[in-house]
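I've put the structures underneath this note.
Okay, so subunit A shows up in both of these, paired with subunit B first and subunit C after.
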Partner chain A sequence: MDKCIACGECAEKCPKKVTDTFNAGLAKRKAIYVEYPQAVPLKYAIDAPNCIYLKNGKCGFCAKVCPAQAIDFEQKEKTVRLQVGSVILAPGFSAFDPQKLDTYQYSQYQNVITSLEMERILSATGPYHGHLVRPSDKKEPSKIAWLQCIGSRDINRCDHGYCSSVCCMYAVKEAVIAKEHSPVALDTAIFYMDMRTYGKEFESYYQRAKDEKGVRFIRTRVHTIVENRETKDLSLRYVDENGKALEETFDLVVLSVGMETSKELAAFAGRLEIELNADNFAKTDCFSPVKTSRDGIYVCGAFQEPKDIPYSVMEASAAACWAEADLATSRGTLTKTKTFPVEKNITDEEARIGVFVCNCGTNIGGIVNVPAVAEMARTLPGVTYVEENLFTCSQDSQDKIKDIILKKGLNRVVVAACTPRTHEALFQETLRDAGLNKYLFEMANIRNQCSWVHSKEKDEATAKAKDLVRMAVARTRLITSLGQPTISVEPSALVIGGGIAGMTSALGLADQGYAVHLVEKQERLGGIALGLLNTWKGDNVPEKLAEMTKRVTTHSLINVYTGATVKASTGFIGNFETTLSVKGSDRLLKHGAVIVATGAQEHVPQEYLYGQNNRVLTHLELDRAISSDDPRLPAADAVAFIQCVGSRESKRPYCSKVCCTHSIKSAVRFKKINPEAQVFVIYRDIRTYGQRELLYREAREKGVIFIRYDLERKPEVKNDGDRLAITVKDHILGRDIEIHADLLILAAAIVPRDNEVLAQMFKLSCNSDNFFNEAHAKLRPVEFATAGIFLAGMAHYPKPIEESIAQAAAAASRAAVTLSKDRITVEGVVSYVKEFMCRGCGECERACPFNAISVQETDKAMLAAVVKEALCKGCGMCAVACPTGAASVHHFDDREVLTMVETAFEY
Partner chain B sequence: MSGEFKPKIIAFACNWCAYSAADLAGVSRFQYPPNLRIIRVMCSGRINPNFILKGFQNGADGVLVAG
Partner chain C sequence: MVLLFVEKPIERRITVYIYFLEGKMIMAEVAIKLEGKSKRSFLDDIKEIVPAGNLSLCLTCGLCSSGCPATGLFDMDPRKFLRMLVLGMDEEVMKSDWPWTCTMCQRCVYVCPMKIDIPQLVFNVRAARPRDQRPKGIRGSCDAAVNSESCSAMGTPVEDFIFVVNDVLEEYRAAQPEFADMVAPIDKVGAEFFVNQNSREPMTEPDEMVPLWKILHLAGVDWTYSSKAWAAENYCLFLADNENWETLVRRKAAQADALGVKTYLNTE
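Take a look at the complex of A and B:
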């Protein structure tokens, strides 16, 4: 594997074509292949069951053409024994196979495809290069239908009672992207039962898809698909909400398939002796959402429960957090540190540039005239040494480059080869081995961006390669050694908010051995959870909360400050100084990281007689009434719940996520206490995602009545003697019905707290709903854009306890990445300010997305911008914003960039 | 030389997205005309309007900022 240069010659010559499973079977690949173009490491592998040589001992074309001698047919599967302290399971899911369902004729009708096939069709690296065509005749479709809940929420035909959680959102996304890809006015329709867009920013995406993009949403289950044998178009038959039978024809039908655990994975879990639940997902509980039934084995992602990317990422970091806590005493015991010689000071030297031009076997050399490129390089000013290599990246070439740097006294190096994205670090290490600063290096990309993309135009490719080398050399004459300062780290964290999220983060860090300052505004730890009774899985919240609080207050590394607020904070990653106001007096703390876990609160409803009739309660009030044995509860003959009170409306467009589950859990409770009681849930979409769906089914089985309403016609609530009268239009009956209830429970929205103060203090951003914004919605769900500050719990978005805990443990894990280091090394490519040119206008401060530059008073009592190098990502926006030219970026200053523009076209 | 107009194009590509996309085009062997010169920057936010003018001044027929 070390030798493979991913040139693809082997796959080019391999005679065996195999169905490409990555492209969902829509394309062919060879028996030697990379699974997908973004694969890391980018190395080819032999698909043994399909390899002609491995089966018959004949062929071996790949080995003959491989320029790097990377093919070894003798490699055998090896059993490796590892001694480990903990195990994290992240095996993912299998997509449901719709062949099992005869309704959709997936294996018979060519234009019935799965959502994964649709993903590949829409992808630029997919089977049709991102052109939206249908499989039967490669015609561009003008009408596409998506059918939801295929293999989910269906116990009759596939035994998957759960909701797969992600399909509503991906179907909406596919419909929007398909419209963008299509050259015609594409008609898209999504056939669904409940639209479950409960994630952060999801509801507004759904609304935009509907209102602005014109995606049609049809609430029904399609019962029959009939194919027109000639055109291969598909006719969908269904019954609408009013009971009317309808039929509509589409060019392409996408089945939104759900997630399941494969039989192999279930068997693997059996060998690991971890318990699975009835749906074959790893069994966990809400207060330890990534711990399996076996100590030391953790789980994350869709094997725990169907879920999307951000929550999979959170769980992954959470699993790491708890594994790190288990292994805290042995941290660092197996690590090795490499040492380098002292760097040579080249400040006063003339440029002595060495240029190494790589053939990459025939990948570059077969197209670009490498000797001609090398010859040209010899003529360039500053170049004192030029060499061609078969493979510049091979180990013997590294040894040779190091040798030549020393012998020839080179002080800068240019490698013309593949791409810096994969190989810059390797060559930089070679420079460091030879005593040169790693920034005295530049690559010319003559493979990925030249020979590979101009393989039919050899002369032009050669001319371009010469230009690229000349540009790189011109730039290299100007680049200089850069320092990489290190900064110390205060190995403790400030956690703001003492609810479930804050306490989980505090424990996660303290259990790993870091001191924590936990700040809670109230006199008591616990936050919103103090008012909750049970989780949907039945965990007793007061008991678990008491255990957690006790662990926090007795932990030797956690300092708890109740009745405390954060007054002011300065500093940056590794080195924060924060002033707390604790019961009126100030306390100064030093810490290396911050976790914001300030939570959210329940909205105070303004409608449905709330506040006017004491029979109208919110969720939290209901839980309090239950725990205080309110006599009205067992006495109630009829109870109604109204959903989306203050959520999913123009003023507050997001879904509050937790309310459907909380209402249904409470409805079931009423039915358990008094099976004769009438219980109504008046809803817009039931969003019991994942296995919460089982609770919804239980409620229906127990006789809870679900009545849907539209935003345009909300239910009306009136006083009715000592009861309440609720009028709502029933969609099935098509007329108003009146419900008489003893109690009305409002699923009040979850609203953000006043996040403005902390946002200002730590320079954090909030979304349009006033929840804090994470650095990246999918891949960095617990980090802020500003380094060293992390986010957990409902301050990010409404979420149930298990998700708050996972996110909080994830935040602790990410914070520990910083706290575990004695010092942080800062990259050399950072901004700097020439103070004498700065007039302190602050344009740079406003432009910086990372809070890395700010105007401060100098010792000469002038205003000037100062860069916090630890926070700077080197993007250079300050340099562009600066009106005087005082701000610039090391390694990418104006001259270093513009010299490449000046030398771009000479051949 | 044919009389066909082949515009010279300078592209400023963000290291984290557009530049790696150009690499991926190579991995996928997508073919495109060779009269493009890509200059890597750490962020498209680094591109000063002057850089674009400088491109035209140095004979480019088009300047692409991708990020």
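Take a look at the complex of A and C:
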């Protein structure tokens, strides 16, 4: 594997074609292959059961053509024994196989595909190179239907009572992308039961898909798909919401398949002796959402419950947090540090540039005239050595480059090969091994930008390669060594907010051995959870909260400040200084990281007689009434719930995520206490995602009646003597239903707190709903764009306890990455300001996305921009924004960049 | 390949309670009133009878109605039907003629994600209507079969059946030499299969009987018709008349036993 340079010659020559499972069986690959384009490491592998040589002992074409001698047919499966302190399970899920649903004929009709096949069809690396065509005749479809809940929410045709959580959102996404890909006015229709777009920014995406993109959402399910044998078009019969039978023909039907645990995975769990729940997902509870039934084994992702990427990433970091806590005492005991020779000072030397031009097998050399490029490079000023390599990236080439640097006294290196994205770090390490600063290196990408894109025009490809090398060399003459200063780290964190999220983060860090300052505005820890009774899985919230609070308050590394607020904060990653106001007096804290866990609050309803009739309660009021044994509860003969009170409306377009589950949990409770009571849930979409669906089923089983309303026709609530009269139109019968209820519970929205103050202080951004914005929804869900500051709990978005806890543990884990270091190394490519040119206008400060540059008063009582190098990512926004040219970025200053441009036009 | 359906002996006895809720008639446009404690409803009773007690599990997803051939008739469909029962609108359901349009084809329960047995519900709703108020046509067919030695819903006499079978058989044996040896035995004792016959063919389209004979002939199957209780149809099932449904099935089974036939093939 070390030898493979991923040139692809082997796959090119391999005679054996195999069905490509990564492309959902829609394409073929070879028996020697890279599983998918982004595979890490990017290495070819032999598919042994399909390899002709391994089966018959003849063939071996791959070995013959491999320029790196990387093919080894003798490799055998090895059993490796590892001694570990914790185990994290992230085995993922299997997609439901729809073959058994005979009314949809997935295995017979070519144009009935699964959503995963659709993903591949839409992908540029997919079977049709991103060209949207259907499998039967490669025709561009003009009508596509998605059928939801295939293998989910079904206890008849499959044993999956749960909701797969992600299919609604991915179907909406696929429909929107399909429309964008299609050259025709594509018609898309999604057939569904409840549209479950409950995640952050999901509801607005759904609304845009509907209103702006014209995706049709049809609330019904299709019984049978019938194929026209000649055209292969597919006819769908369905009833609309009024019960009218309709028939429509589509070119392509996508089955939105759900997630399941494979039999093999279930057996694996058995071998690990961890418990699975009835649906074959790893059993966890809400207060330790990534801990399996066995100590030391953690789980994350869809093996725990069907879930999307952001939440899977949060859980992954949460699992790391708790595993790190278990291993805290042995942290760092197995790490090895690589040492490099002392860097040579080249400041006073003339440029002595070595240029290495790569053939990349035939990948570059087959198109670009590499000898001609090398020949040209020899003529360039500053170049003292030029060499062609078959593979510049191979290990022997590295050794050679190192040798040549030393022998020839090179002080700068240019590699003309592939992309710095994958290879820059490798060559930089080689430079460091040879005693050169890693910034004395430059790449010219003559593969992607020449041989690949101009494969049919060899001469032009060669001319362009020469241009790129000339430009690279010209720039390289100007580049210099850059320092990478290190800064110290204060190994403690400030956690703002003492609710479940804040306490979880505090414990996550303290259990790993870091000091934590936990700040709570109220006099008591607990936050919103103080008013909650139990989770949907039945955990007793007051008990668990008391345990958690006790652990926090007695932990030797956690300082709790109640009745405290954050007054001011300065500094940056590793080195914050924050002033707290604790019961009126100021306290100054030093800390290396910040976790914002300030929570959210319940919306005060403005409708449905709330505040006018004391029989109308919110969720939190209901939970309080239950815990204070309000006699009206057991006495109620009829109870109604109204969902989406203040959510999913134009003023507050997001879904509050937890309310459906909370209402249904409470509805079941009413039915348990008094089975004769009539309980109604008046809803828009029931969003009991994942295994919460089982609760929804239990409610229906117990006789809770669900009635759906539209935003255009909300239920009407009137006083009715001692009771309340609620009128709502039944969604099936189209007739008004009059409910006489003793209690009305409003599923009031969850609204953000006043996040503006903290946002200003730490320069954090909020979305249009005023929840804090994470750095990246999928890949950095618990971090802010500003380094060293993290986010957890409902300050990010409404969420249930288990998700708050997972996110809070994740934030602790991410913060620990900083706190575990003695010093942080600052990258050399950072911005700098020539103070004498700066007029303190602040354009750079406004432009910086990382809070890394700000205008400050100088020693000479002038205003000038100052860069916090620890926060700077070297993006160059400040340099662009600066009207005087005072701000620049090291390694990419105007001279270095403009020289390249000038060189490009020289000949 | 021939699909052979074997009718199993039916032993179930279904008792149905009818609850006419006190109070006024509910007209179509009047709001549905739901108040106070939930009253015992038809659905509650059904739950006790039908083993899969999941009738209130309906997700109102529409799968049943999307596949139902009776959707739209009388402005009704299986989903509306079940919804009315869930909301306790028993009186209106009992008045509706829609349940009589159901063909018991089971397309609904086949795909229902909650496996709600709507045909079973339909059957019980039918049974809840006094017999003399059930649809005349179905009732007439049930009665005709009960009163017929042939168990024929069309009242086909035994002699007519025997004559038609033999007449058609002769005709085909003569006209198609490759089937000169084909048989259509009646009352053959000890045959492997008892084959029943819908009355419609011998009465109105006798040629339609022949393809099955040919298949049985080519497959070398040892089979027989019966002269008595030969009719395949059983309208008492559709009438939800349990007693006569059972009577007819028992008469047919007894005839098969009398002939010493091993297997009863239901061609319906």
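For the reader, a short list of remarks on this structure follows.
As a convention for this text, the second predicted complex is superposed on the first by the 902 of 907 C-alpha atoms of A that agree within 3 Å, B and C clash if a C-alpha of one lies under 4 Å from a C-alpha of the other, contacts with A are read in each partner's own complex, and residues count from 1 in each chain.
Everything below uses one rule, namely that a contact is a pair of C-beta atoms (placed from the backbone, for glycine too) under 8 Å apart; a residue touches a chain by one contact, two chains touch by 3 or more.
Everything numeric in this text was worked out from a predicted model, so none of it was measured.
Of the two partner chains placed by the overlay, only subunit C lies in contact with A:R700; subunit B stays clear of it. Legend: residue contacts after superposition of the two complexes on their common chain; A:M900 is shown touching subunit B, with no touch to subunit C. Of the two partner chains, subunit C is the only one that A:Y238 touches; subunit B does not reach it. Of the two partner chains, subunit B is the only one touched by A:K456; subunit C is not.
Using the contact criterion defined above for the overlaid structures, shared-chain residue A:E676 touches subunit C, although it does not reach subunit B. Contacts of A:M877 after superposition on the shared chain: subunit B is touched, whereas subunit C is not. In the overlay built on the shared chain, the residue A:T220 is in contact with subunit C alone; subunit B does not reach it. In the superposition on chain A, contact is made by A:R421 with subunit B only, not with subunit C. Chain contact summary for the complex, subunit C toward subunit A: residues 28-29, 31-38, 54, 56-67, 71-72, 75-77, 79-80, 83-84, 86-87, 107, 109-115. Against subunit C, the residues of subunit A that register as touching in their complex are 103, 149, 153-157, 193, 219-224, 237-239, 241, 243-245, 637-638, 676-678, 680, 697, 700-701, 703, 705-706, 708, 727, 730-733, 735-740. Subunit B meets subunit A in the complex at residues 8, 10, 15, 19-20, 22-35, 37-43, 45-48, 50-51, 54-55, 58-60.
The part of subunit A that touches subunit B in the complex is made up of residues 6, 8, 37-38, 42, 125, 419-422, 445, 447-450, 452-457, 460-461, 463-464, 467-468, 471, 829, 847, 849, 873-877, 879-880, 889, 892, 894, 897-898, 900-902, 904-905.
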